[in-house]
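Chain lettering (A, B, C and D) follows the sequence in which the chains are written, and residue indices restart at 1 in each chain.
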Amino acid sequence: MKMKYIHELRMQVRDYECDLQGIVNNANYQHYTEHARHMFLHEHGISFAGLHARGIDAVVARMALRFKTPLRPGDAFTARLALRREGVKYVFRQDLFRESDGCLVFSADVETCCLIGGRLGTCAELDALVDECAGEDE
Amino acid sequence: MKMKYIHELRMQVRDYECDLQGIVNNANYQHYTEHARHMFLHEHGISFAGLHARGIDAVVARMALRFKTPLRPGDAFTARLALRREGVKYVFRQDLFRESDGCLVFSADVETCCLIGGRLGTCAELDALVDECAGEDE
Amino acid sequence: MKMKYIHELRMQVRDYECDLQGIVNNANYQHYTEHARHMFLHEHGISFAGLHARGIDAVVARMALRFKTPLRPGDAFTARLALRREGVKYVFRQDLFRESDGCLVFSADVETCCLIGGRLGTCAELDALVDECAGEDE
Amino acid sequence: MKMKYIHELRMQVRDYECDLQGIVNNANYQHYTEHARHMFLHEHGISFAGLHARGIDAVVARMALRFKTPLRPGDAFTARLALRREGVKYVFRQDLFRESDGCLVFSADVETCCLIGGRLGTCAELDALVDECAGEDE
């Protein structure tokens, strides 16, 4: 069963995000995916502050990043997101696609976990979103 | 009577701070001066958290920035700082000098004010530092 | 005669642009205005690369920044821009307004000048845009 | 045979690198390691510009990032670096340690490859540095 994307966000490269080589600096892809992830959670009514108030702290433990095609000044792109669970880990798959040709720019697996009173645990809201992702991709 | 610098901090340009034009992006000079200002205050035992706990909020109201000579990858530079009072405003003068030739890179006047219970007020710790600056420059 | 805005760009605060104090870090307002300025020039067919190819280098010489009301996570805002000429200087007025209540967030005067073969000069494209701004604000 | 670190760089957290949660924003660890890697290469006389002039382009293809312990405002830390080769890939191991207690903060494997005339190839200078790393750790 294939995982399907359940969120997308259109963005555009800003000149200040590019470096000496004339392409987006690597660290900015992490910024793009953080922003897309937070917007996704926000749109589903999940806030770090809200979870924290209930004793749940969601933290990023690991990231696997693949740099495929560099973005350049002015490029528009779309950030797509899927979510799966692996044991106690919630893994966000976040892929960036260049708008002009649909080319894959960057792909990340972001492993987060929930600390509940300092111990690894699960989170009902995230579990519900995982279920949404478990279907055929359109 | 000339104002004298009372703090200096040596820094070095990091490649990711440079943009498409091969020079430090303008916004990073603001980062450099913020860092130098916070280090200066920290070394004098003044923290925003500490002031806040006593009901004093120090905020930046205005900045006048002069861009003189761009820094390039690898350049070492020194941030120098002076402080004066103008009525209820505390004005930090922050100048950056390139190490290789002493050239002035960037010069800023950073106007801050203290809000005490929501009203403009003065701060004894900052007044003491202002007095230190009121002497002949070496 | 009042200057009128001739460009606007809607943006939204990204969480990573906020700092310890829970508000947008001061240097990011400079990023926002740089992005809006570059988009404005780009939409009018003016690129730094294009000017440079004709021997014209546009550089920022000074900025006067006024911090009015801090932006917070998730805030939407609009960057508005006007342009005037003062002698050989082209001055961009860039104001940011919070979308929820129209409140002025940040206001900047960005003085740029054109170096033509190393000497201060004027630029026909920018002059044309200055003329557009010289009218009553709606 | 254990890999040994062949470079270290001491740094300190700057307040503007911290986010809403009061800790260093995740993307800044990537900045720290990029800076350390570039300094390491620079100290060994290797520049991207120099390689490029000889037709060699070194690019980052993948990163595996592990976030262990968050850095906080003012924390001093040391970036340590080792280098190994895996086929045509040069893998930088970059670990950050908090100075106060030696605690591991962040660990990254940064896979780079060299494109020579558009094809994957090897680079004599990097091979020499790999040899330096192949020894017992002290």
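In the analysis below, contacts are C-beta pairs under 8 Å (C-beta built on N, C-alpha and C of every residue); 3 or more make two chains touch, one makes a residue touch a chain.
Every value quoted in this text rests on a predicted model; they were computed, and no experiment measured them.
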item	value
Most distant chain from chain A by Cα centroid	B
A-D compared against A-C, more contacting pairs	A-D
Whole-Å gap separating chain A and chain C, where each centre is the average of the chain's CA atoms	31
Length of the line joining the C-alpha centres of chain C and chain D, rounded to whole Å	36
Centroid distance [mean C-alpha coordinates] between chain D and chain A, Å	24
Of all residues in chain A, the ones touching two or more other chains	15-16, 25, 27, 31, 34
List of chain B residues in touch with chain A within their complex	15-16, 18-20, 22, 25, 27, 73
Residue ranges of chain A touching chain D (in the complex, touch as defined)	21, 25-28, 30-31, 34, 48, 59-67
Interfacial residue positions of chain D with respect to chain B in the complex	14-16, 31, 34-35, 38, 42, 74
